[in-house]
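In the two assemblies presented below, chain A is common to both, partnered first by chain B and then by chain C.
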Partner chain A sequence: MPVFKTPFNGYSVKFSPFYESQLAVATSQNFGILGNGRVHVLQLNPTITEITSFDTADGVYDLCWSESHDSLLIAAVADGSLKIYDLSLPPTSNPIRSLHEHAREAHGVDFNTVRKDSFLSASWDDTVKLWTVDRPTSVRTFKEHGYCVYSAAWNPRHADIFASASGDFTARIWDVREPGSTMILPAHEFEILSCDWNKYDDCIIATASVDKSIKVWDVRNYRVPVAVLNGHGYAVRKVKFSPHRMSVIASCSYDMTVCLWDYMVEDALIGRYDHHTEFAVGVDMSVLVDGLLASTGWDELVYVWQHGMDPRAP
Partner chain B sequence: MDNKAQQSSGGSPPQKPWERAGPSSGAAPFKPPSGGSTSDAVEASGTAKPGEVVSTGDRNTIVNRSTVGRPVPTRPWEQQTYGSSYGGYGSGLNYNSGYGTGMYGSSGLYGSSGMYGASGGFGGSYGSGLYGNNMYRGGYGGLYGGGMNGGGMYNGGLGGPVGGYGMGMGGPYGEQDPNNPYGAPSSPPGFWISLMRVMHGVVNFFGRVAILIDQNTQAFRMFMTALLQLFDRSGLLYGELARFVLRLLGIKTKSENVQFPGMDGLPGPHNPHASQNYIEGPKAVPNSEWDGAWGNGASN
Partner chain C sequence: MGSQSDSPPDSVVEKPQNPVSQVTQAAVDDHQNAKAEAAKESSPPSVFVNSEPIREDQVQNAVKFLSHPKVRGSPVIYRRSFLERKGLTKEEIDEAFRRVPDPTPSVTASESVVPNQDGQLKSSSNIQSQSPTQTLRPGPVSPAGSISKMGTFSRFHWSHALLAVGFLAVSGAGTAVLFKNSIIPRLKAWVRKVVLEEEEGEEVLLKENNSKTSLAEEAAAAAKAAAAAASDVARTSQEMLMSKTEEKRCFEELINMLNAQVREMKSMSNAIQKLEGQSNIHGRIPVEGDDYRISQRSLRVPYANGKINDYPQSGISLSLPVFVKPSVAPHPKSYTEIMPMIQRGEKPSNITEINYAPPNPNQPVPNPRLVPMAKPWEVGQARNSSSNVLQSQGSNDALYHEFQDNQSIAENTVPRWERRNARITEIEAVDEHRFGSSNVVSNGRPVPRSWVPPQPPPVAMQEAAAAIRQPKKTFSSSEQLTDNQLLARSSDVPDELQSITRISESGGIVEANGGSLGLNSSEIQREEDNSYFET
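Right after this comes the complex of A and B.
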């Protein structure tokens, strides 16, 4: 499948949970350091074409699709705001909502796939906020991390549990009904940039760190990791469990590669794609098509390909 | 692939592959999920705190319950430059709360910068200090607040974590808070406000660069090398451009002064501007290759 060129540097990519051929991409000008941002919504068949795009006044670091409405998108913007877009409305009527409570850059968003009525935002102001789509203010704020929170991820099987990954070298497990975190995983010796839950075992979580490794943890016994996946040459920027295969993990890194892992086998690295020519910072796996991957990076390109194929192949 | 909804319209996406696979094995160490909506669950637990805004000061007073004793890096945007007289984070807290009460900027301390912080405070439902307290980028209240400066005109509050820049503002503009509903309508941002915005942008810039460096020192070095090369190149370009402009104005730059003098120390016969060439006295340098860079060489 051909690539899509974005005018700005890619930051995040997400497949629609409703349509197998829709993809959203978050981009930021000047590597996300200075300038504007843009959210692209792409159509995948047979070539990648743009359905619509939305401009923002600051870079867009992450986005997620609503699980309750097929046309809603939520973007995490570098000015600390979260913007909700409705694709069924023209760009001039968007965003339909701008939620601004974070004091620093919003770096991650994740929609609750179980209850489908709420989402989380992770920010450089050290907090995670819980929002519902029907309220203009956050429901509550989780402030315990000692440094930037880079990502937050809902447990795919438990509506009240989520995990967060922070630059304070810990990943934390939270229950939205508890005042504080329920578990603190001192998972790495360096900053943790991303985390994700196993979709088939709600006790397994993966963390990705600046120490170039991905670690897989069992929250029932988190003294030692279940697996340590080494192979990236630089910091691992994102980690994502496969929606289709229990032990498969996708990751992307500052070493410009996208890797696929099976943490249960000895030679865990089962795929390595070096199609990006700059930092690869966004990766996703389609929940509707087994093995379909998408990635984006600072080379301003969005690739969509089937595992095992060459992403650059036309 | 086609673009049909995978499931009939019910406001719900197709079932996830893992939902079809049945429950996961083993007892999870989590409390059983609550029924109802997420907000109901949170409110029932008594932990709900709608619209809480965490300021820098607040955040730093929180006891870090991390089990890891390692120190975390200093946030680049919190390296306060206004010295110890403001006493770091603790005083930052007071500073914020003081600001929150003076929502419309009547506190002379913040003066005109109040227009940023307090703009959200205008927003009706947000008025109760949510944005008022949130001097940091609070100005984006436009969408809900419809405040005077709504629409994020200033793209949020200045000063913010930088603190220091806001400070300097207090004096001269203390009486001119444009958010004062009883005062004159807001005037266009003045020099200091523009400067503050620039400084805010600069701090944001370096904050983000520093975070990226944090995330990967080695990889970032490659990026910075490229960036420095770019700066270097643009520097050269400006140098050449400056020389060109000076030449158009008839001013000789130093490099062109090094002309090969004519016989017997007289000005070279082919150099119409020879007299200017002797400002620094003739130099006994043989005609070098780069003398021709601006076309003089052709006449030599």
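Right after this comes the complex of A and C.
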């Protein structure tokens, strides 16, 4: 299975929604504490090679592909800015936009998959901001969390609904048409690092926390989780619902593993990959290829593999 | 956004473009435009809104929490955050805030107590005034009793939270005032009892000190007693821990809380000190939220993270979550080298200064080359077929086939009228691009959809545009054309026109009318359309 070595510590991977063999990786120097960053765009066929890369002055914590433009990439940078890159332009013309409003590190970006016109940024300044590609300033700012917002995720069926996960121990559900959050999920007793919606049931949301667990919630009955997925040895950094299977969740953790879960099953853990030798920080499942996974970590490696295979196999 | 300001020079598009721009704006802009869409989308009440009724007991707990003097002094956001973490809904929190009187140092119930310590002791109940007594009287008042006196707390942690806060507040000067009023005799008795148990000289001294106070020396005595009481409590608690008498056991629970608070404060100051040596200017700490984070954030002193805290299992001890949370993952070796270096203020040598500002911030966003495909979950049962279609970069053939797949399969699942909308949207979007408008193509339209139609590409290639102009050649040079145009072409033209006209009459996507007319009329009439194809 292909592996790619990045010069910096990996932070996030995302498959392109347009090209099944294209992958973007966000990396940061010095573990993202202090230093530069780099965005890599990789080609997966026949082996992993780099198509292009963009250097940044500060670490890149997350990125997302545009759902409307096949060549646009949005990066969340640790200096609080969002940079938009256009792969159809030469590197000297990039980035094409810099959106700098966050007062602290931008930690997450997510692009709207329903209306495909806007994206969210989650920041350590406790806010989530809504942007469109054509506007130089944010459209909305959602300020309610009491601590860093680590992640924001659009609902896959409702164009105006999104969720945010924060270090104030709550996840919130928002409607962009409403001034404030519409639901508050006190999901964990510790910081919530990631959240994601079930692509096939728009009322199910998963939250991943420092408490090593992933909890799956139904927003219609949010006092009690639908499932609690235990198995990680340390904080769960990222959680992602499968785009192809209704109840499958991929997660990566500081225990250096990537796990696959089926939360509807009694014994939920259906796969565990321990290929990383440092914190596994980013994971993604391809929308175009069923079962294709990618992960990256602080060991500066990017793996792409099919579920069921060994990521380290040549 | 997306206002099509450059209207086509052509007279083919006669309808105004405002509805379209409104529709596109509704997607992102303020509420007014989105109301129609919102109403349609949420006409059953949205499941994403909390619909629980307000729970009165939770509101009352919150009111008691908010009424506490210590809580009053904290920023509102931390109070809110605490209540949110306890599971209160927004409505309940708002109701509690409404009920709690404004924070002025007015004394409500416990007037008798507070000549000069107003800020500390005001409270809407006697609870807090009683709690200092509880701290000092192990025998008569058991902790359980004090907890039960705290009112209708439904959960253990509420009482502890309040107890803790109460102790903190009270162990200040408020204790002294109570001493003055009614406690001194009892204190003497207690101290004597303790002394008998302990046979400690310091206790005797303390008692003597306390016994010397008199009402005549109110101010001085209060100050002395306060200091003595505070130190007394600390000392006594330590001593009591050492010996294990029964009375101390009753006492210990309360004292433990105090201790925990002291520990907590010590550890916080430790963390701060540690951080002063360690802190780096950026404060960018790994996210698992270990000690570094709390120290980096220590300025905020968040309640959310700290003092008024979750109820741990023991139900008693309080501490910052950072210090009791799950084990911190071991960091990579080089991380443990770099982190202290940065915290000392040294910059690692491998950093380069990069200016990565956009060279041309006003550069227009180029048009997309590909149609966004329907997501697997949007296509319903067809997801397996659509997801495995291979495609190389920019291969329109493959795209077309896949799209055709999606289309045909979707036809089974999607009502006809929606499909019509889909095609119209595509054509409409094509027109948008032709007019050089913003490339943010929106699907916002006032009909709820279960199938999100892909968006057509703009005319990116002049050859394709030219090909369209010559209808005969279009099918032979289909590789050049993008799929949607092909589909539009392949469908019945009169059908299309009819349906489009229908839609436009109903006030729908008007531009589509003109657009499709333009598209179709390219077969029929000519030349004027040339300008369309300039993007």
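Please note the rule applied: the second predicted complex is superposed on the first by the 314 of 314 C-alpha atoms of A that agree within 3 Å, B and C clash if a C-alpha of one lies under 4 Å from a C-alpha of the other, contacts with A are read in each partner's own complex, and residues count from 1 in each chain.
The rule is short, and it goes like this: a residue touches a chain if its C-beta (ideal position, glycine included) is under 8 Å from a C-beta of that chain, and two chains touch if they have at least 3 such contacts.
Predicted model only: the values in this text are computed from it and were never measured.
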Side-by-side fit of chain B and chain C on chain A, or clash: clash
Which superposed partner A:His244 touches (first chain B, second chain C, both, neither): both
Partner chain in contact with A:Leu34 - chain B first, chain C second, else both or neither: both
Chain B versus chain C as contact partner of A:Gly167, first or second or both or neither: both
Contacts of A:Val114 with chain B and chain C, given as first, second, both or neither: both
Which of chain B and chain C A:Gly80 touches, first, second, both or neither: first
Touched partner set for A:Asn230, first chain B, second chain C, both or neither: neither
Partner chain in contact with A:Thr92 - chain B first, chain C second, else both or neither: second
Which of chain B and chain C A:Thr49 touches, first, second, both or neither: neither
Touched partner set for A:Ser138, first chain B, second chain C, both or neither: first
Chain B region in steric overlap with chain C, selected from 201-209, 237-245, 273-281 or 291-299: 201-209
Residues of chain A contacting chain B in one complex and chain C in the other: 17-20, 22, 31-34, 57, 67-70, 78, 97-98, 105, 113-118, 130, 132, 135-136, 139, 146-147, 155-161, 167-170, 175-177, 180-184, 186, 189, 191, 193, 199-200, 203, 210, 219-220, 234-235, 237, 243-244, 254-255, 279, 287-290
Chain B-facing residues of chain A, complex: 17-22, 31-34, 43-45, 57-58, 67-70, 78-81, 97-98, 100-101, 103-105, 112-118, 124-127, 130, 132, 135-141, 143-148, 155-161, 167-170, 175-184, 186, 189, 191, 193, 199-203, 210, 219-220, 234-235, 237, 243-244, 254-255, 279, 287-290
Contact set on chain B toward chain A in their complex: 1-6, 11-14, 16-18, 21, 23-26, 28-31, 33-34, 37-39, 41-45, 47-56, 58-59, 62, 64-68, 70, 72-73, 75, 77, 120, 125, 130, 134, 136-138, 140-144, 152, 155-156, 160-161, 201, 204-205, 208-209, 211-212, 214-216, 218-220, 223
Residues on chain C engaged by chain A in the complex (per definition of touch): 1-2, 24, 27-29, 31, 34, 38, 41, 46-50, 77-78, 80-81, 84-87, 89-90, 280, 282, 284-289, 297, 302, 304-305, 310, 321, 325-329, 332, 335, 338-339, 342, 347-348, 350-361, 363, 365-370, 372-373, 375-377, 383-384, 387-388, 390-391, 393, 438-444, 452, 455
Residues of chain A touching chain C in the complex: 17-20, 22, 29-36, 54-57, 59, 67-72, 78, 83, 86, 88-89, 92-98, 105, 107, 113-118, 130, 132-136, 139, 146-147, 150, 155-161, 167-170, 173, 175-177, 180-184, 186, 189-191, 193, 199-200, 203, 210-212, 219-220, 222-223, 233-235, 237, 243-244, 254-255, 278-279, 287-290, 298-299
